[in-house]
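Each of the next two complexes has chain A plus one other chain: chain B in the first, chain C in the second.
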Partner chain A sequence: MKRKLRDLPPALLMLVPSLGLLAVWTIYPLVRAVDYGHKACDISVRNCRDVGWDRYWTVFQSKEFQDALLVSLKLALMTVPVGLVLGIGLAVLADKQLKGIGIFRTVFSSTVATSVAVASLVWFVLLQPQVGVLADLLSGWIPKLKNPGLLNDSSTALPAVALSSIWASLGFTFIIIMAGLQSVPRDLYESAFVDGAGSFRRFTNVTLPMLTPSILFVTVVLTTRALQAYGEIALLTGGGPQDTKATTTIPYLIYGNNSLVHNDIGIKSASAVLLFLLCLTFAAVQFRGFGKRVHYGN
Partner chain B sequence: MILLGPSGCGKSTLLRMVAGLEDPSVGDVFIGEQRVNDELPKLRDIAMVFQSYALYPHKTVRANIEFPLKVRGVPKAERAEQALHAAEILGLAEYMKRKPGQLSGGQRQRVALARAIVRKPAVFLMDEPLSNLDAKLRGDTRTELVDLHRRLDSTFIYVTHDQVEAMTMGSRVAVMNAGRLEQVGTPQEVYDRPASAFVAQFIGTPPMNVLPVGLLGTNDVQVGIRPEHLLLASEGRLSGNVYQVEHLGHEVLVHAESTAGRLVARVDPASDLPVVGDAVRFDAADHHLHRFDAHSGMRVS
Partner chain C sequence: MRTVRNSRRTHGFAVLVAVGLLAAACSDGGSITDTGDTITTTVPGDTMAPTTTVAADTLPDCPTDALASATGPVEISFWHGMSSVLNDELIKLTDLYNSSQTKVHVTLTGQTYETTIDNYLQASQSSRPDLVQMPEYMVQSLVDTHSTVPVGKCIAASGFDTSSFLPTALTAYSTQGVQWGMPFNLSNPVLYYSKKAFTAAGLDPNKPPQSLDELRADSQKIVDSGAAKYGLALDSGFDSGGGWYVEQWFAKAQEFYVDGDNGRTNRATQVLYNNQTGADLLTFLQTMINDGLAVSVGDNAGGQDDLLKLADAKEPAAMSIHTSAALGGALSILASGTFPNLKDTDLGIGPMPGPDGKPGALIGGASLWPVDSGDDVKTAATWDFIQFLVSAEQQSEWASVTGYIPVRTDALSVDPYKTKLATDPRFSVAYDQLKASPDALTSAGPVVGPLREMRSVLAQAIAKVFGGADVKATLADASAQANQLITNYNQLNGG
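After this line comes the complex of A and B, so read on.
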């Protein structure tokens, strides 16, 4: 105990840079948001009055928040499993020792260097009903691509956003899973091969279990990203199409130009804090749920 | 059969060819009477023990041992029975529910052995299975492996760079160097009649003294003398100065710098021992001289 106390000052000193960043960029805004959540302010945010902590409950129960929550959850449900399966699939394909495989690895991981804005713009153009390449190529198959356009139809807008989002996250998933694959000892594959396991058995008995730490990590990150999706919504649909709110996620409800609660910083803050709690809960559930199934080395 | 050789001599590669993990560029692999070059490993009736043990960290000991049977579609009850039997042979029965991470190195090594035994293969392939164990455990496990070999009565092909393992465990030893097979024989043959200067110097501790070309022989041979055959003799044909005397208890090693390079003699501690700095003479009986061709290094006569 004494020793621990003696070590405290130098330890704190060395933690100052990280703690400083954390305090300025995370802890302070969080505290402010929590505080604003139970206040009603005017537009200047100078004159505020306390409206009580049950504001959080009121916001949570409101139709606007519930609708946005549903949209956010749907988006997560569309993007996370598909993104994960595609990412693992690509990584396994690219994990072969073939000539020129480096080119594929680069291509598959390239979206990691693409911002949400760029990715969204790319998909916006691809899906554009008049000039979009996808609309031209596939409209025979999916007529909605031309009329009214995937992003302009309330039933297809969210899947279209999910598509862009999956594509944008694929590079990240690919890189993490690829790194996970490369740390799997080759001996395990060879041992399973000598014992007569075919490629499917090797995948389920060696690859997947050895990847569980990477898969957990990617799942948590992808889920958080989906729940925090804002950029692609703002650029692709503006929370719409039109007044349908079919793609109004919680972050769009908070920040969006067309948001219903556009000007009320109290309600926005309360929503943001609720979103934070939601992400936290999801991450905790995922860590616990995976729990014993995750194997870190031996 | 022990495959013995220095690092990089190709002994592991040879083993992997037998296993079917690598394709030979020339030559045939026979297991029994059957040529297996084009067979998948699973059809070769082999089991392999890896240096790293290659246990599945997420599976219990039981599941690890059962895995080869599960792949072959052996019914569950039978699988459990055979796995338990293999585990009992290796004293693992009480650890069946643990994961490899909860076992010691020696125990993991046994799990890997049990996983091989459970298949009842015609050939066991072992790639330096003891090299990750500490010295004491290595000695014990060595004895157990010999015992296991006797009990199972099947072929073991065992790769090692440790000559003590090779000499103590092998029915036959194949000494390899730089991708070539130097000699195959019983440990005693390999020690007593090494087929080349390489084998002569690779096997034995301390290694055989190999004299420069011409000394104690004609101009086209190199002569080798085992340290225990190099005797201190006042009228000896080799002379040198002692620079180190190692007392090992049951024997003494005398190291000398001589015209023939550095020599080592294994001496009876009860005899009259030289001290560092003494000028000494050595000799050896003619029938203890090994002669190797000066160019090829191969044994002559």
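After this line comes the complex of A and C, so read on.
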């Protein structure tokens, strides 16, 4: 205890740079957002009036927020499991000592260098119903590609956005899982092999347990990304089709070009803080749910 | 033991969260626009009576002669929302200005309109630029920021001659007798059509439809003859078919869109589109779709889906309504041969068809707003640059490259626009229909605080109508929601 106290001043000193940045760029804006959330302000945010902390509850209960919440949850459900399974699958495939495997590793991880904007534009051009490549090639099998277009149909718009999103984050998942795989001690596989475990048993009883820290990390990041999805929505659908707002996620409800609360900093802030709480809750549940099953080695 | 208790607690927490989400999801919440902005009980001193006049002496002055006292070059920052061809051309004009004189140097910051608006509104006055370009839907909001120098004051102080300006262009950016912004880039929706499809359908490729009835009749011929799969491509984008065009159609019908004479004489308090004109219009569009004469390309998130429908190799439409500002870009893309089935010479431009076929259109596009920095020299330098941008020579150059409409009539007799009009009459369609607009406040377009949000509301309604929803009920819903937005806005800003 004494030693801990003695270490405190130098520790604090070394933490100052990152704490400073955190305070300026994260804590301060968060505090301001929490404060704005219970205010109603004029257009240039000069004059504000207190509307009470129950604003948070009424915003949470509002039809638009509930609809957006549902869309955000659906998007997370579509992207996280599929992205995770694909990432693990590709990583296991690429974790072989084969000639030329470097080419595949580069290809599989390439989307990590692709911004959401670029990835979305690629998919936008592919899926464009009038002159897009996929629309003309595959509309015989999938008529919706042409009319009205996957992104223009309420039932397919969100899956199409999810497709682009999964593709864009696949490189990230691949790299993290790959790194996890490389750190699995080879002797574990050897002893499992000696004990008579087949390749499937080795995967379920050695690989997966040893990968749990990476999987937990990727799950938390992918879930947060899905809940915060904005770029792909803005570029692919603009939150539409508008008649059902099928892809209006919470971030798009807050920031989107056609947001109803575009210039209303109070309601926007309240929604953003609610989104933050949502991400926090999910991360907490994932950490605790996974908690005891995560194997951090020795 | 500890593990079991922990996991139970975790499960309990997760269940609690899930139940909470479900409970909230089942509760019958109101609209997000009704979450506390509007106070129903009157708080003393918080009632906002509509103002009828703006006292000119309370507005910032524009000392245009202050530039003479500047010792070195005055640095001016200009935030604008121009992109691609438009951005290139604005850079060209600004470079020309910077090199043509030594007193003022302008630095451009280009973003989208939306980003410019957000950054401008949320910045402190000292972080704002010296000059900002704002689209037509921002007039009331910008007035309510109390952050700009009305150009009317600059015009008066410098004796700037506006006699050759299009009167509607000036009116569009003035309310309650104050000229707020200087019109710079004017556009309005025009009809883009495939001359090839018109010829194939036995129609005169140089006689596009003027009225909605003709639009339907021509579409019928095009579809019947097989010249194109659809007559007309519609969209429900909030800055096009879902919002802006409805404002245009109301102007063409010479009806107000919001009260207070479109918000020009009094602050607007409600929308007026929930009437027979609105219902007739939406019913017309819905019937066109139901009868297979028109097709909706959706929300047009990319902004070009409706135009691309004309170039569609498999299921093209023959006509589409689109902003005239896209003409320059569209022609250069078609001329590059990207779309073998539609060449630049195949593209026809006609006036936007309206309820009774009479010409006329609202001003779209954007205007220039000098920002009140409190620095007389900067204000005067900004005004100098504005005068350059709206001179007949620069407007002629600007319009001939972009497809925007010159803000002044004398730009038409100056090259390169003069030659452009003579060689390609497609560039004069937007100008002609603007010039033909009746000189009335109905032709000046709505000025109302949350116009952008109101367009989103209407865009959703129109998307529903395109999908087959009941016109009257949908229009009534949209109107109620728009009125809520206006009430909120006026309570927070109306003073």
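To be clear about the criterion, the second predicted complex is superposed on the first by the 286 of 298 C-alpha atoms of A that agree within 3 Å, B and C clash if a C-alpha of one lies under 4 Å from a C-alpha of the other, contacts with A are read in each partner's own complex, and residues count from 1 in each chain.
Here is the rule we go by: contacts are C-beta pairs under 8 Å (C-beta built on N, C-alpha and C of every residue); 3 or more make two chains touch, one makes a residue touch a chain.
Being a predicted model, the structure only gives us computed values, none of them experimental.
*Asks:* With chain A superposed, do chain B and chain C clash or fit?
*Replies:* fit
*Asks:* Thinking of the overlay built on chain A, is A:58 touched by chain B (first), by chain C (second), by both, or by neither?
*Replies:* Only chain C; A:58 stays clear of chain B.
*Asks:* Is A:246 touching the first partner chain B, the second partner chain C, both, or neither of them?
*Replies:* After superposing on A, A:246 lies clear of both chain B and chain C.
*Asks:* Going by the contact rule set out at the top, does A:185 touch chain B (first), chain C (second), both, or neither?
*Replies:* first
*Asks:* Applying the document's definition of touching, compare chain B and chain C: which contacts more of chain A?
*Replies:* On the superposition, C touches more of the residues of chain A.
*Asks:* Which partner does A:130 reach: the first (chain B), the second (chain C), both, or neither?
*Replies:* second
*Asks:* Kindly classify A:148 by the partners it touches after superposition: chain B alone (first), chain C alone (second), both, or neither?
*Replies:* second
*Asks:* Smallest separation in Å between any Cα of chain B and any Cα of chain C in the superposed model?
*Replies:* Once the two complexes are overlaid, chain B and chain C approach no closer than 13 Å between C-alpha atoms.
*Asks:* Share the list of chain A residues that count as touching for chain B in one structure and for chain C in the other.
*Replies:* No residue of chain A touches both chain B and chain C.
*Asks:* Which of the residues in chain B end up touching chain A in this complex?
*Replies:* Going by the criterion above, the answer is residues 19-21, 40-42, 46-48, 50-52, 54-59, 67-68, 71-72, 99-101, 115, 119.
*Asks:* Quick one: in the complex, what on chain A touches chain B?
*Replies:* Against chain B, the touching part of chain A is residues 185, 187-188, 190-197, 201, 205-206, 209-210, 212, 295, 297-298.
*Asks:* Under the touch definition given earlier, write down the residues of chain A that touch chain C in their complex.
*Replies:* By the definition above, chain A touches chain C via 40-45, 47, 49, 51-52, 54-55, 58-66, 69-70, 124, 128-131, 136, 139, 146-149, 151-152, 235-238, 240-243, 245, 253, 257-267, 270-271, 281, 284-285, 288-289, 291-292.
*Asks:* Would you pull the chain C residues touching chain A in the complex into a rising list?
*Replies:* My answer: residues 3, 6-7, 9-10, 13-14, 17, 21, 24-25, 27, 29-37, 39, 46, 114, 121-122, 141, 144-147, 236-238, 242, 295-299, 301-302, 305, 308-309, 311-315, 339, 449-450, 452-453, 455-457, 459-460, 463-464, 466-467, 469, 481, 485, 488-489, 491-493.
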